[in-house]
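The data blocks that follow each hold one structure.
Each of the next two complexes has chain A plus one other chain: chain B in the first, chain C in the second.
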Partner chain A sequence: MRLRQGQFSFLPDLTDDDIRTQAQYAIDNGWAVSVEYTDDPHPRNSYWEMWGHPMFDNPDAAAVVFEVNECRKEHGGKYIRVLAFDATAGWESIRMSFIVNRPAEEPGFRVVRQEVDGRSVRYTIESYAVREPEGQRYA
Partner chain B sequence: MKDDAKTVTDAKKRYSAGVMKYAQMGYWEPDYEPKDTDIIALFRITPQDGVDEIEAAAAVAGESSTATWTVVWTDRLTACDKYRAKAYRVDPVPNSPGEFFAYIAYDLDLFEPGSIANLTASIIGNVFGFKPLKALRLEDMRLSTAYVKTFQGPATGIVVERERLNAYGRPLLGATVKPKLGLSGRNYGRVVYEALKGGLDFTKDDENINSQPFMHWRDRFLYCMEAVNRASAATGEVKGTYLNVTAATMEEMYERAEFAKSLGSVIIMIDLVIGYTAIQSMAKWARANDMILHLHRAGHSTYTRQRSHGVSFRVIAKWMRLSGVDHLHAGTVVGKLEGDPATTKGYYDIFREEYNPMALENGIFFDQDWASLNKMMPVASGGIHAGQMHQLLTYLGEDVVLQFGGGTIGHPHGIEAGATANRVALESMVFARNAGRDIWNEGEDILRDAAKTCTPLKQALDTWKDVTFDYASTDAPDFAPTPEVSA
Partner chain C sequence: MTEDPATEAPRPTSVDLAASFEESGVREVLQELDDTMIGLAPVKQRIKETAALLLVDQARRQMGLATETPTLHMSFTGNPGTGKTTVALKMADLLHRLGYVRKGHLVTVTRDDLVGQYIGHTAPKTKEVLKKAMGGVLFIDEAYYLYRPENERDYGQEAIEILLQVMENNRDDLVVILAGYADRMDRFFASNPGFRSRIAHHIEFPDYTDDELLQISEIMLDEQNYTFDPKARQAMAEYIVARREQPHFANARSIRNALDRARLRQANRLFQEATGPLDGPTLSTINESDIRASRVFRGGLDVDRPSQKEAAE
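Right after this comes the complex of A and B.
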């Protein structure tokens, strides 16, 4: 499977130049760009590991591409995403999110059904990868 | 000013039994300066032949506040000057002989806090059937901060909805399941599964899918949630389907909403026809149960569409933001349903902005501060398809749900292909916009390029390339982009 989170996951993988133009769009809007990685891609895993703080005072998207590549050196077998944070009153949350790195194999998720009263079912989505401990989940 | 439009100030004359003009009774005050706490209504009035517009405006003020048809002495037991609504300005409508804009101010104490039912009972109560008027339309309202703060506002709001869905930086995508009537629960869930797996964020029940012989509501909910969870596992995304809980009684709606919650749905849906009080009740329930609340505006065109009579949709939008729904349909500009670009922009601004400055060219007559009420997500649906993506993104922006019903399910290679075509078109257009391309002029090229690596998009573009809905609008702003009438 292909993890479809983020705003560009139905497009071909982004090149470094693509990452730069998108990060520059965020910077030009006054948003702080951040790099995060994880080996637990559950759709409700809000807290991927931070590759440093959001880059609050960085005017140049080349620095974002640099950090993405530094992150890849250590976590190239995991998911890496780029986020943009908007501190404007009334928003104060994420404006952009896109995946820039994937594991070579994406085993995906299984649906666990607990059949309960009547015909009701309690559903759980579980990543196949998280059956292994952290750090051993992808090749 | 004509003498018969002046307030009679001699108390003995003012309160002697009999009939008196509304303007003389004190409902016309041309010198009145609205207070910051006042609620202001702007009506389009069309007086009967021979009825003076000032008297007509005063009559509207009177009939929507304290007046009855004759003088009553019991007024004198009250602070009646305060409770009388005050018409304070009447302007001719540009290019519309016989029509006038009447501005009427209402004291805050005329209204129960936090009740749309109470507000509407006054503002659109008896007065719309008033004989001296040929027609009456409520065009806009200024809701004072003091009044706005008595409402909950959207249960979830755009920002938190995005956080819950883990979906940022692009419009959300949806589709209404079709055919809207007749599918069994099992077949219905198939459409949901295919569409969500293909790339949509949401699918949607239609407004009249409740609990009919061909599919009772529990069956629908159970099959839909199986589909939602399967699609979520297939894509790694949070998915939702608007489970319509509209029913005959509040008790039944709560029962359906509770069942949706127990199955793990992120969103439920109601129809406008359930009424203002029921909408507010469901909004409170949604806030208390972490549920996104979608409102389908079923029925609104019966009173929003004609320019001379009824209630403008921009007023309905304001009432719904107060009431506390998270999603509301607001037009597509380019699709099959009513809506010109300027008017639709006005609606979208009411949904999504913290503050609306007066913008006559968009039909917005007042500055409106939303006082930190959550933002509502506009929903665009009705006759839109992937080939219009550059127009949709330009007109409607990023915080919107684009719903392609026929444009997903009608895809020649199936529902999943239709969904993928829409998602790829969307992502490629957002990407191009962010990269600095002129999507308005280059949109078709951008889509063609994206279709080179996405066969479903190519098929969609080929199928619907010539489909447009280019009809004159029945409800456009009265003022040109450079307004000649100052305010």
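Right after this comes the complex of A and C.
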């Protein structure tokens, strides 16, 4: 199951050139671009691992593509996303987020039903990937 | 998400070099170079040649005759104060206008910015600098300090390897300019053959002549709305001749420092002599005594006098 999170996730995978164009848009708007990776694709997992510092003072997006490729070398089998953080007062939040790398096999999620208080049922989802310990998910 | 090849504009069958010369704004950069930089005739000649080469290359690419990005890394060799950094700034502008770098900013670094202090510190530091310079020009001042043959565990070697790798793989993203004294750069290139082969343009900066330095001093003063009176101009000419003979002479930089000190003395003089209100011309004229008071006329700094130096050794 293909993970749909963030921008462009219903489009075909972005090429390096697409990543550069998008990152350049963020930089031109004055947002700090950063690269993050994870092997826990749950939608509520907002804390991905940071790949280096956010790039506050790089005027050109080639640096972002460079870092994405460096990150792919190390974590090519995991999810990698590019974020753009807007520091202006009132926003102070992520303005862009898109996945630039995904594992070859994406096992998807299962629904877990929990019976509580009589006949009530609580639902939650769990990624099949996280049943393996960290570092052993996604081959 | 790539553009459909069918919708691409057809390739032109002929190009007008003169028109692209005008359009790209290269003329203004070259004109500015001519107007603002005194002397440096061989350097200007080389830059014009480089600009011509790049224009032709650009035209060839439009017609589909060339696909490879030419190697644009350069080395600037010359004594201190001969305008290497200033020319690098103009070069960044030129490359930007021709579309060879996307942003055209100049990042100036020295060994300290590239080489770390402990194991594992160098690579991230060098990469950080390279990332900052992407889309522009990386200017490495006194590049020969990167290589220290006397210490085989020196981290400079690591920085050199990363530099070489990025210079080769990210040729589209940044242009590296190495700068330094001619003799030391020659030794640096001799011990790092990888660098020599990756640098296409070696540009030598000659020393300024005494006349050129005098012209430069007048331009520097003019920029700050100061002027020499005629006698001060004569004193400055003599100052330049005397300063050149003394140690640590750094061409235009020495002149700038001398002028800064002359302005200091002028301010002091005005304070001591002024009895009433001062007018504009008085406030902006450097006179002979401001220049003549320099230690250069008395043989330079005490520590640099040859007799003392020999005695110390």
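Convention: the second predicted complex is superposed on the first by the 137 of 139 C-alpha atoms of A that agree within 3 Å, B and C clash if a C-alpha of one lies under 4 Å from a C-alpha of the other, contacts with A are read in each partner's own complex, and residues count from 1 in each chain.
The criterion applied here is as follows: a residue touches a chain if its C-beta (ideal position, glycine included) is under 8 Å from a C-beta of that chain, and two chains touch if they have at least 3 such contacts.
Quick caveat, the model's predicted, so the values are computed rather than measured.
Student: If you stack the two complexes on chain A, which partner ends up touching A:Met55: first (chain B), second (chain C), both, or neither?
Tutor: Only chain C; A:Met55 stays clear of chain B.
Student: Between chain B and chain C, whom does A:Arg110 touch in the aligned arrangement: first, second, both, or neither?
Tutor: After superposing on A, A:Arg110 lies in contact with chain B but is clear of chain C.
Student: With the two structures laid over each other on chain A, which partner does A:Ser46 touch: chain B (first), chain C (second), both, or neither?
Tutor: After superposing on A, A:Ser46 lies in contact with chain B but is clear of chain C.
Student: Can A:Tyr123 be said to touch chain B (first), chain C (second), both, or neither?
Tutor: After superposing on A, A:Tyr123 lies in contact with chain B but is clear of chain C.
Student: Tell me which partner A:Gln22 touches in the superposition: chain B (first), chain C (second), both or neither.
Tutor: So A:Gln22 only meets chain B here.
Student: Scan A:Leu11 for contacts with chain B and chain C and give back first, second, both or neither.
Tutor: In the superposition, A:Leu11 touches chain B and chain C alike.
Student: Hey, is it chain B or chain C that touches more of chain A?
Tutor: Counting residues of chain A touched by each partner, the higher count goes to B.
Student: After the superposition on A, what does A:Glu67 contact: first (chain B), second (chain C), both or neither?
Tutor: second
Student: Figure out whether A:Ala87 sits in contact with chain B (first) or chain C (second), or with both, or with neither.
Tutor: A:Ala87: touches no partner chain.
Student: Please write out, lowest number first, the residues of chain A touched by both chain B and chain C across the two complexes.
Tutor: Residues common to the chain A contacts of chain C and of chain B are 11-12, 18, listed in rising order.
Student: Would you tell me which residues of chain A are touching chain B in their complex?
Tutor: That would be residues 1, 3-5, 7-12, 18, 21-22, 25, 41-44, 46, 83-84, 89-98, 108-111, 119-123, 125, 127 of chain A.
Student: Help me check something: in the complex, which residues belonging to chain A touch chain C?
Tutor: Interface residues on the chain A side: 11-12, 14-15, 17-18, 52, 55, 57-63, 66-67, 70.
Student: Could you pull out which chain C residues touch chain A in their complex?
Tutor: 1-2, 102-103, 105, 124, 127, 130-132, 134-136, 170, 172-174
Student: Touching chain A in the complex: which residues of chain B?
Tutor: For chain B paired with chain A, touching residues are 159, 162-163, 166-170, 199, 218, 222, 225-226, 229-230, 232-238, 262-264, 354, 372, 375, 420, 423-424, 427-428, 430-431, 434-436, 450, 453-454.
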